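Notes follow once the structure below has been shown.
Each chain carries a letter (A, B, C and D) given by its place in the written order, and its residues are counted from 1.
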Amino acid sequence: MRIQIDVTMNYRFLQPNTVFLALEAAHTDGQTVLEDRLSLGPAQLTRITGDAGVGERIWARVPDTEMHLTYRALVDVTRPDPALESLNAMPLHAIPGAVAPYLRPSRYCQSDKFLMFVDKRFGDFSGGQKVLAMRDWITDELSYVSGSSGVDTDVLETFAGRQGVCRDYAHLLCTLVRAAQIPARFVAAYSPHIDPPDFHAVAEVWLDDAWHLVDATGMASADDMAIIAVGRDAYDTAFMESQSPAELLTQTVQVTQV
Amino acid sequence: MRIQIDVTMNYRFLQPNTVFLALEAAHTDGQTVLEDRLSLGPAQLTRITGDAGVGERIWARVPDTEMHLTYRALVDVTRPDPALESLNAMPLHAIPGAVAPYLRPSRYCQSDKFLMFVDKRFGDFSGGQKVLAMRDWITDELSYVSGSSGVDTDVLETFAGRQGVCRDYAHLLCTLVRAAQIPARFVAAYSPHIDPPDFHAVAEVWLDDAWHLVDATGMASADDMAIIAVGRDAYDTAFMESQSPAELLTQTVQVTQV
Amino acid sequence: MRIQIDVTMNYRFLQPNTVFLALEAAHTDGQTVLEDRLSLGPAQLTRITGDAGVGERIWARVPDTEMHLTYRALVDVTRPDPALESLNAMPLHAIPGAVAPYLRPSRYCQSDKFLMFVDKRFGDFSGGQKVLAMRDWITDELSYVSGSSGVDTDVLETFAGRQGVCRDYAHLLCTLVRAAQIPARFVAAYSPHIDPPDFHAVAEVWLDDAWHLVDATGMASADDMAIIAVGRDAYDTAFMESQSPAELLTQTVQVTQV
Amino acid sequence: MRIQIDVTMNYRFLQPNTVFLALEAAHTDGQTVLEDRLSLGPAQLTRITGDAGVGERIWARVPDTEMHLTYRALVDVTRPDPALESLNAMPLHAIPGAVAPYLRPSRYCQSDKFLMFVDKRFGDFSGGQKVLAMRDWITDELSYVSGSSGVDTDVLETFAGRQGVCRDYAHLLCTLVRAAQIPARFVAAYSPHIDPPDFHAVAEVWLDDAWHLVDATGMASADDMAIIAVGRDAYDTAFMESQSPAELLTQTVQVTQV
């Protein structure tokens, strides 16, 4: 599937500022970036490799108190939607060093607290079928409610509160999967099927020696998403981190199938 | 039912100490204390009224570095086991001032986080039937595992962890009930059916203008429990609070039907 | 000091609603309510006694989807500003049953976590001088920043974050005082010196067998405040609790010295 | 400095188990492992690269219900103790992709909550002098108390509680440093000066384009430590993680200067 991405961001700062951006579609497996153009004026950009070597992040030094950003890209998503039900979990001793950190809890995903729940509720399943059972459970149990969570909401609150937005769905899926000793990471992505259009967040799980995208909100699928960045949880993939208070002027995200 | 209670507690302190005790069967509705005798030597005792006017607590000034306590009581439990399924929740405006605080969250019971879960899972029930559905859900979902929780364990952890001891069962029941706008308080009690014998903790819910005991562990019932103290959660009913580190030497709790 | 209080509140609900109100100046020690008039149309009101017997709360059944409230009162504040530095802490065994609960942690005030800090920082002080040292420390260390905290902010976050509004100042003072084994409760109040004008929150500490108001923000003092309600923390004294989402239309609080 | 490390670990499991071990001195910059020998019988070992490419971790499949491990190593620590006071923080845009994740909060280190405190307390310092001011502040404010923290203790509790063991000191230092926009990671290490002898934990900070070890407990220094593993916090560097309950039979750690 070919998708076109158009982002505009306009922010005001109290003072000249360095911001950390993660918003470009990654040049990574399963997707081909045919064209991309980031325009950010006035600013000096330094590109660095993203977490786990996926994509690039940008340190942008903004000499002024306003930042005007446009990003346009054309991406071919070449990966198929995985048949998760036929994929196997790896035995622990076959999990490589680059993947093992994604077995562990993180700032928002206290997976160490969920061992018993996961064993009770999903103990009869294994591998991709276990992941699917978790995804379906989340879809059933959570309500998607805009504004129902904030930057401090962690997975203990989401699990009790039974509502959230895409970040919370992805946090809960990562948490349950990790609690079952299957590596899971948090993924920021673009998809044409997000309503209202916005940055999206999903999980990626490690089965049969590879990462596979899973969206617990049901809005996107692996074959229509362009990955931006991966990490342990939402803190690692924020589209913009600012060193000082940032006032949102306008922001638009448009993703269309072309 | 007539029950006999025998408690011995022996503690060592670093220095002379003031401890706060809540361990005597309360002279309160539904139970008649026929005999009771607390021996605590050497110590000076000051009795004060317990939370919500239930029972007494004791400030004990221990002039030495050891405390040796024995407590023996004979109690007739006269309350019946309530037919919860036929009791009604009170409309909010009929909840009196002395009861309203038990609608609110507390140190260990963040009931404000559970509104959506309670609505989804138990929204079809009302009154006593709702409380019973919650009790049964807890009985099904939690595993009673000695040592699986500690003094810091709150209900968010218990809900995710799906295990605990009586305090955690009672915390979770109080939390779910409060999230349904029904007052619930935490109760420390004695019962002959606790295995291994120990202080016990249950919930009390406000239905049809009265408090009713409910034990989510299933070990005790309203007609075999002697209430010690009530409060918002375990912090309010600790059998002993010490101002300095206390080393447990020996402690026994025996409760027998006579 | 005589103060006049004028409050208007206009809220919209999704459906007919029962709200819990705590906004009338209490008929309690240290203040005389000369006149007061609450108008809340259309609604049926049920008054109940406030926590600790201080003031009244109101269950208001609003049959419509809008609530329009006006409250006007004239109050003589007759209590003097206490000379805290000359007041003594009570020995624990002299703390009565109605006061003892305010030694304990609560939903937002995890005072059990602060024992060592309080001992290290304030161990050289006692009684009212200790409370004053805590108040001054908070005044020095915290920055008053509107919007810097929310309904979920607890005292662990405030202590690390070093900013907040009046509720956070009061939470931190209650927490430190309780950690020093001195009872402290949370108080909602009116004062003419709040800028911008709003409901205010302070602490009340138990010294020499009585409660004494202390404002860590420095904006108000005991002799210019009209107490509305007391409790363990902000959850117990919310000016309005709604059973369903409430949209603020307009709200004004005016307090003037007359 | 040349140090000799001797570790014995004997654990009993409920069933055959896969454990994750991080206990070998890393073959990494600043230290030369002259000899090392791990004996773990009976078990099948799979070595993987440690977090950030530092050292190796081991998946050990233990076919029996007991694990007997001995580890002996001889290590030359060749790095000098850094003159932190003369080192500079890097501007954000010069922080590379492999280092940027260590600017962010983690499971135990909610550095996002400490921005204001760090600005107020340490805002006058910069670079290595800021790190030293933080280290000295921690040394002054915290008390080293064995058993005062547990596996659930996070930095919000440590900051309020003002006590802990080496993991808590390292968590707090990592947290404060990250809150000042300087990368910091958690390091498990051996040092001959730990009393009582045990695995040790310290922080590593990114100054002048390199990592530098800092021990807030004051027990060890960069020139006497052999690094085992690095990560975001204690969860990433646990010396042993077990998939099922593990009973400690005996464990000894001896580190001597030779």
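The definition used in the following text is that a contact is a pair of C-beta atoms (placed from the backbone, for glycine too) under 8 Å apart; a residue touches a chain by one contact, two chains touch by 3 or more.
Only a predicted model underlies this, so the values are computations on that prediction, with no experimental measurement involved.
Does A-D or A-B have more contacting C-beta pairs?
Pair with the higher count of C-beta contacts: A-D.
With over half of the numbers shared counting as same, classify the chain C/chain D interface as same or different.
Same: when the shared numbers are divided by all numbers used, the fraction is over half.
Between chain A and chain D, what is the separation of their C-alpha centroids in Å?
That pair's centroid distance is 29 Å.
Roughly how far is chain A from chain B, centre to centre by C-alpha average, rounded to an integer in Å?
About 44 Å, centre to centre.
Of all the residues in chain B, which ones touch at least 2 other chains?
Answer for chain B, listing residues that touch two or more other chains: 110.
Where on chain B does chain A make contact in their complex?
So the residues of chain B in touch with chain A come to 110, 113-117, 120, 141, 143, 156-157, 159-163.
Quick one: in the complex, what on chain D touches chain A?
Interface residues on chain D, with respect to chain A: 18, 20, 44, 46, 48-51, 56-57, 59, 61, 91-98, 100-101, 104-107, 110, 112, 181, 231-232, 235-236, 243.
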